[in-house]
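Presented below is the structure to which this report refers.
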Amino acid sequence: MSGVSIWLPTGSALVLFGLLGMLLASSILRKLLAFNVMGSGIFLLLLALRPPGPDGVADPVAQALIITGIVIAIAATALGVRLARRYHQLSGQTELPEDRAATRDD
Amino acid sequence: MTEAMTEAMTEAMTEALLLPLLVLWPLVVGLGVYALPERASAALQVLGTLVLAGLIATVFATMLASPEPLRAALGGWAAPLGIELVADRLAQAMLLLTLLVYAAVLLYAQAYFAHGSEAAQRFWPLAWMLWAGLNAGYLSADLFNLYVALELVGLAAVGLTALTGQSTALAAALRYLLAALLASNLFLLAVVLLYAATGSLALDSIGAHLAAVGTTPWYAKLALALVLVSLALKTALAPLHFWLPAAHGNAVTPVSALLSALVLKVSLLIFLRLWLEFAPALDLAALGLLLALLGLLASVWGSVLALTQRKIKMLIAYSSVAQVGYLFLPFAWLLPGGLGAALALEATVLHLLAHALAKAAMFLAAGVLVLSAGRDDLVSLRGAVAREPLAFAALTLAGVSLIGLPPSLGFAAKWQMMQAALLADQWPWLLWLLGGTLLTAAYVFRVLRLAFLPTPEAFEARAPLPQRLSLCALALALLAALGGFGAAALSDWLAAETLLWPGSGA
Amino acid sequence: MNAIDLLLALALLLLAGSALLARSVQTASVLFIAFGLLLALVWVRLGAPDVALAEAAIGAGVAGALLMLAASEFESRRIGGSRAAGPRLPWPRPQGWRPRWALVLLALACAAVLLLAVLAIEPLAGAATEAVARNLPQSEIAHPVTAVLLSFRAYDTLLEIAVLLVAVVAVQAAPAPPQRALAHDPVLARVAAITVPLALLVALYLLWAGSSRSGGAFQAGAVLAGAVLLARFASLPLDPQSRLTRPPVLALGLALFILIGLVAGALAGAALGYPSGWVKPLVLAIEAALMVSIGATLVALFGGSKTA
Amino acid sequence: MLEALTWLLLALAALFFSAGTLGLLRLPDTLSRIHALTKADNLGLGLAALALLLHAESWAAAAQIGLIWLLALAASATSGYLIARRCLLESHGTPASTLGAPPPGAPPP
């Protein structure tokens, strides 16, 4: 039990890091990176909250859900990165207009 | 004997394939439109729509025979192990709505996109994949599967927003994507908490488990709060609406119609389902009141902003922010044992249908006027009565439903809301409903007034547009404006199945 | 035992934090790749080797490479090709962050509540897990994770492939900027000539292994994409990139999945089911098609035409 | 005896890895950092692989460990070479460079 429980605070902290990044970072790429960090934290919680089987093998359902989640996250990340690259090519910007305005105000 | 056998066979096939086909068939058409040469595309899509209409008709026919919802266990694995699809009357209403809106939008888009345009080549596959995602969201009874369906809807919607590839569209799509991804992660977090606490992903067994625990653990509330924030973000409930106007206002017209009519609604429907599932286990009265107050804020704030817009599509987009607010009002009464719960549920569904039809019609009609004027600000409306009378008629009829004048579907929805409020003895809400109606009327008349002004000369030289564009808008607008006549029947039909909890009623 | 876990957890948090705070996004993406590889180790520690493979190949590899590619594009444009020398870990002043204390407090409060919740939850063994163990023989798939992915919850997998395809169609609205030409490099070409066939072999092995132990179409597809991209960077003559990313190849996996799901499903009595006795060849056929399509999809998502 | 040897090898491996990491963090420029990475780390990895070899259950497992080491060597040599090449091209190829002369090894167009 104590071997597993260390991943609960770790996962929660990763969720916090990712949440902060998604809310506060102004660069699009950094927001996408934060999205991935937050997702990793959630997956970590998912597996850490499942009791392992008798032979130390993790819950196969949880494993399958995480693999599905990783693939979906990569699809979203790839779409975001491509949109950001094209946006940068067209406008020369790496941040969205609202975030730029907010950074200037501060 | 052979006849009986064939019938049994057909029945078994129906059982096995009907509901899955509602999701798989649009995917097949989407794949075909994507991978096959362009000349096959139109025929394939007509065929695809007809087949889907047939499937949905079969679902309705089967449902008429029995009051129980249709169920299908995918792969033959029953629920806690496998994933089940459930077509209750809520899902069926959504399936039908989606079919109607899609039929109009696809016909419209055929005429809207120039032949061989690159944007169109991306529009068709994405629109069909989006349809698959929407149907998957209506039918799924599995929490994680709902997450996957929401992602399919979300990414397809973002791709459609970015369709033109111009800088403003890309910025709007990125903003939309980042908001949707945050919402997805919050939803996923809720899935994780519920799965850990109950050991199951199937909606009904999670609900049953939470209700059976007796004193429901407090983290179930946290999970519901996460779901709430996530889906409020996806449904653009103020103050989480920041991504909507740019995305809906800058997308090409057929996309704006799909996004506002359907994409906003699927997340609301999922929220409604989870609400109904969790309400017996948790005390949701305070949360319902909070939602209704946020809805109040949204409806005022969105209307005020709509009044200040210069571009016609942005005005309609802000109107969505306001109308979404009304969708959340009935949650104040949607409580087990609460008076008016049944009315509140009907009001939500009616308003959802009314807004979907009216808003799609409005965007389609506005698209016609923008095309015919060659500019996208409110000036493009001048002389609309003379230039595009059919589009103007569609805009007016949709406006009638949006304001909530009889005999529109919008009126029926607001009437139900008032009844629910009176039944629950909470008459102050009536003031809001009346005030909101006035605000809506203000921005609708702001649009309609311009249409009677003389056409600026600059517009005259433009080539006439195909009638089909206006007709598609008009068809949806007529459904919205005259739907009030069918509202009673619709309510009865919904009430024939126990969607609410046993023991709670009017 | 626990000391290793503790070290891993601390390193994980350190890497995530420094990736988010790093001065340049390029540094951030390098740190993110390291984060993903470390996370793969964590999955192994938690008894989830399938997830570890997927994380290393897709989570760290593909996502990190995508971010790094974009970051290098952004930064080379901004400062005219020359870059500030080397990665340095910058602690005090992160750039490009908006200090909004209300949001910070909100996030902190949320995380605190989340931590309390996950500590309070008493994990249930749960119906689903037991059901997997009970029904595994009936599914005729030896490896439990593969059984969940392609039989018990095959519908999730199918929709997820649709999500990938949607991403590919959607990115066509945003054509990738042309990449800087890479000169032919004899050393890279020689190494790639050995590594690419080896990677293809690994991909096939992962595909084949998926039925009985860790591995499967996703991991294999990611390795395949890596091999193709390496061949492209090394300008190998066998570059199949242009043919691999055509719509029919991208659509193949999902199309075959649906076709088998409906035809075999009709025979088995439920969509996405397999008739008894046919499970192994059908699953292998689906996985093979998925591997090709996933590989092609990842290559297409990287974008950019052949370097010339 | 075997245990002691394993521990000795692992300790040495850790030492080399630490030296490599220290070099990566503290050395002044990219080229010297590559030295630290490719030389010290590869030696460290080799020592760790050797320690594992002592405990291999079969010849096949031992061969796998050896193969992994070889592949890691090839990968790090190639990437080190690529980074160095890019580094040279950039320091010679940009106007900001102190060397104004055209690069000797400029790529053919």
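Labels A, B, C and D are assigned to the chains in the order they are written; within every chain, residues are numbered from 1.
By our rule, a residue touches a chain if its C-beta (ideal position, glycine included) is under 8 Å from a C-beta of that chain, and two chains touch if they have at least 3 such contacts.
These figures come from a predicted structure and were not determined experimentally.
Among the remaining chains, those touching chain A and also chain B are C. The interface with the greater count of contacting C-beta pairs, when C-D is set against B-C, is B-C. One finds 56 Å separating the Cα centroids of chain B and chain D. Rounded to whole angstrom, the centroid-to-centroid distance between chain B and chain C, based on C-alpha atoms, equals 32 Å. Separating the centre of chain C from that of chain D, both taken as means of CA atoms, is a distance of 26 Å. Residues of chain A in contact with at least two other chains: 15, 18, 23, 32, 45, 49-50, 61-62, 65, 68, 72, 75-76, 79, 83-84, 86-87.
For chain B, the set of residues that touch two or more other chains comprises 144, 148, 151, 155, 158-159, 162, 165, 170, 189, 195-196, 201.
Looking at chain C, residues 114, 118, 121, 123, 125-126, 128-129, 132, 152-153, 156, 160, 163, 166-167, 170-171, 173-175 sit in touch with two or more other chains. Of all possible chain pairs, those that touch are A-B, A-C, B-C, C-D. Taken in their complex, chain B has these residues touching chain C: 12-13, 16-17, 20-21, 23-24, 27-28, 31, 34-35, 72-77, 80-83, 119, 122, 125-126, 129, 132-133, 136, 144-145, 148-149, 151-152, 155-156, 158-160, 162-165, 169-170, 189, 193, 195-201, 205, 217-219, 222. Within the complex formed with chain B, the chain A residues making contact are 15, 18, 22-23, 28, 31-32, 35, 38-39, 42, 45-46, 49-50, 61-62, 65, 68-69, 72, 75-76, 79-80, 83-84, 86-87, 90-91, 96-98. Chain C makes touch with chain B in their complex at residues 113-114, 117-118, 120-129, 131-132, 135, 151-156, 158-160, 162-163, 165-167, 169-175, 247-248, 250-251, 254-255, 258, 261-262, 265-266, 268-274. If you check the complex, the residues on chain C that touch chain D are 80-83, 85-86, 89, 183, 185, 187-188, 191, 194-195, 198. Across the interface of their complex, chain A is touched by residues 1-2, 5-6, 9, 12-13, 16-17, 19-20, 25, 28-29, 32, 35-36, 39, 42-43, 46-48, 50-51, 54-55, 58-59, 62-63, 66-67, 69-71, 73-74, 77, 96-100, 103-104, 107-108, 110-111, 114-115, 118-119, 121, 123, 125-126, 128-129, 132-133, 144-145, 147-149, 152-153, 156-157, 160, 163-164, 166-167, 170-171, 173-177, 216, 218, 298, 301-303 of chain C.
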